[in-house]
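Consider the two complexes below, in which chain A is the common component and chain B and chain C are the respective partners.
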Partner chain A sequence: MIRWMAFAWAVAGIAAPLAILGAWSFSGTWFYPALLPRSWTFESWRALLSGGSLAHALLVSVAMATVTGVVGCVVAIPVGRLIARSTGWRRHVGVAAAFLPVATPPIALGAGLQYSFIVLGLAGSTVGVICAHLVPAVGYLSLYFFAVFTAFDTRVEEEARSLGAAPTQVWLRVTLPIIRRQLAAAIAFGFLLSWGQFALTLLIGGGVVHTLSLDVFAYLRAGQSRYAATAALLLIVPPMLVLAASRPGALRAEAP
Partner chain B sequence: MGPAVAAAAIFIAGSYEAAALLAPTDPLPLPVATYERYEAIDLATRGDAYVLVLLGLVLAALAVIAFEWGRTARDLPEP
Partner chain C sequence: MRVADLVAAFGEQPGLDRVSFDVAQGERFVVVGASGAGKTTLLRAVAGLAPVRGGRIDVAGRDVTALPPERRDVVYLHQTPLLFPHLSVFENVAFPLRVRRTRAAEVIKLAREALAAVRLEDLADRAPRTLSGGQRHRVALARAIVARPAVLLLDEPLSSLDPTLRDEVREAILALQRTYRPALVLVTHDFDEAGLIADRVAVLVDRKIVQTAPPWELFVRPATLAVARLLGVPNEVHGVVTAEGVFTSALGCIALDGSIPQGAALAVFRPDAVHTTDTGTAVRVAEVRHRAQRTTAVVALVGSQAGVPALEIPADAHAPPRVGDVVRIGLDGTRVSIFPREAP
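Entry: the complex of A and B
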């Protein structure tokens, strides 16, 4: 019974919306009450493959999300480690400070950041949008690495140091190999946090920086359902790939 | 359960996209109302937008306090 319910949920919640998006992206004319499109076209996919604005938005989104994932981890690792090593009220303040940018509505974050970014000349630029994405990403990844380093046995590092290893050697040859799977997952999480970010891109990018999530919204508002569906399908692919890639790693980590 | 509810509630309360696309309600959800006032051509609404921004920040801070308090009080594992 539970299996059937899970199957029904998977069909209703995952497969059906994807199928509708797929049909929509190939539909020529599709009006109510027709159950299926009356004509089919490859127009939006052809526009994507010919390097139009959708392809450009896809490339920009991939590049920004990748940079956010990597830079976010570089910043969040020491922060998470510092919080994990602290005790008492410092630990509580550290966790709360890391969680606050994650919990704050992105619109509020964007409104707060926009003035500073205009002054710094970062508003309306890709670098500015990446910096804005890094704010919630670093908070989230700091919490993630806080959990990682709370469970991390620092005696391994102490042992390496007692055998004469320099701090860089300890980091590169001891710590990094131990946390490499968590690091890969964190980069993936950072990627996804930037990938789905809409409000911050809209406010800081000022309509100049085009990402896929902005394009979905713009196409929907303009009534271009075919292009919106194509962009939405593209928006779904990387998270699915990331989840598929991270699952074997998680299973290996869970294995006794 | 409590900390998770606080975290989920604040994420949903601050979500703009779904509210803007699917929920044309009256009154508007907080993120949509904030954005409309912030980006309006009439600059007189900018002050209202900042009030709503502060309200969002206060709600987020309360959710963070509730999350951290609940996590500590129940001795839950670290996030």
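Entry: the complex of A and C
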């Protein structure tokens, strides 16, 4: 029974919307109440492959999300580790500070950041949008690495030091390899946090920076359902890949 | 290695109070103490993993007190073997050589030698998670010794092991120590382990070393009542030291060398200080205790005698006495330690 319910949920929740999006992206003409399009076309996919604005938006989104994932981890690892190693009120303040940008709605965060980014000359630029994406991403990833390093047995690092490894060698030869799976998961999470951002991109990018999620919205408003569906399908691919690649117990470090 | 007036803290708690000792190259030095006495703090301070608030640590004639752990020529092993899970057994053992940028050919030669020394050369390619507990300990030991440290610090390496594994790991420690000859400092709460491993034993009581001696001497001549009690010496008899320098108690008189002042005193002795004799004091057997290695009887003096609690005396495992039997015992004064009553 439970299997059938799970199957029904998978069909209704995942397969059906994907099928509808797929049908839209290839539809030539499709009007209510027809169940299927009357004609089919590859127009939006050809536009994507020929390097039009959709392709450009895809590249910008991939680049920004990758940078957000990597830079977010570079910043969040020491922050999460510091919080995990602290005790008492410092730990509470650290967790609260990391949680703040995660808990704040992106539209409020964007409104708050917009003025300072205009002053700094970052508004309307790709760098500015990446910086804005990094704010919630670093908060989220700091909490993630806080959990990772709380579970991490630091005695293994002590042992490495005692065996003759300098701090940098301990980091590169011991700590990073042990947390490599969690690091990969964190980069993927950071990627997805940027990938799905709409409000921050719109407010800080000011319509100059085009990403896939902005394009979906723009195509929908313009009534270009075929292009909106194609962009939406592209938007779904990375989360599906991450979901497929993610393994249970991603937070669990290898035991020494 | 020489440690002089070492003061170290354990978190917010005071850890060590002016601890001094030295260990020669190739010597096996065991520090024994109860839980919380400061044993682990001592090792961590020497290894550079715990802050030192005073004193000095010299290794191979070099002051290492302010040096980071990796530059001390000292290796510290935790109680449980902490192998690097992402490296094979061989790469674990090679780790100290790789971080020292030793030539590749030399790394292979030295790591293979170290693995052979712990009889694990056949498991070189295995992952740590596939090893048994004893094998993990042996890999950790090989890894510790491969770079030839001047000092090897072992923190209760046998305490979490079952008896069979304990023998296996102890033999590995002794074999490596004999081959590579580092100054070995091992801490434990187990005097039997200390006796099996140590050339000299130091007793840590309340953050201070109160006695350092070869095991046999420590076991028969505890320097203080606290050491005797830590050793688990079971027999304590109250008495008096007279003006003539003689300790008198319900078990008879023992002539002293004059080092114990006149007044109330306490005689402390192991069961083997007691023997049965037809002319001795009459005692009644209250309990017979059978252990794997020895049998003893708990006896009480016949009649009420103040200051003489139950005594534990040797018994013949093949013909043990029965509860209620009366036997006569004598005390060998040369095997008795006497302390002033007020002594800690």
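We take it that the second predicted complex is superposed on the first by the 246 of 256 C-alpha atoms of A that agree within 3 Å, B and C clash if a C-alpha of one lies under 4 Å from a C-alpha of the other, contacts with A are read in each partner's own complex, and residues count from 1 in each chain.
Rule of thumb we're sticking to: a residue touches a chain if its C-beta (ideal position, glycine included) is under 8 Å from a C-beta of that chain, and two chains touch if they have at least 3 such contacts.
Predicted, not measured: the structure shown is a model, and the values here were computed from it.
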item	value
Partner chain in contact with A:E158 - chain B first, chain C second, else both or neither	second
First, second, both or neither for A:T87, with chain B first and chain C second	neither
Chain B versus chain C as contact partner of A:P177, first or second or both or neither	second
Touching partner for A:P106 - first (chain B), second (chain C), both, neither	first
First, second, both or neither for A:V95, with chain B first and chain C second	first
Which of chain B and chain C A:T168 touches, first, second, both or neither	neither
Chain A positions touched by chain B in one structure and by chain C in the second	none
Touching residues on chain B, where the partner in the complex is chain A	7, 10-11, 13-17, 20-21, 30-31, 34-35, 38, 49-50, 52-53, 56-57, 60-61, 63-65, 67-68, 72, 78-79
Residues on chain A engaged by chain B in the complex (per definition of touch)	84, 92, 95-96, 99-100, 103-108, 111-112, 143, 146-147, 150, 198-199, 203, 213, 217, 220
Chain A to chain C touching residues, read off their complex	153, 155-156, 158-166, 169, 173-174, 177-178, 180, 254-256
Contact footprint of chain A on chain C as seen in their complex	47-49, 68-70, 74-78, 82-87, 95-96, 98-100, 128-129, 143-144, 147
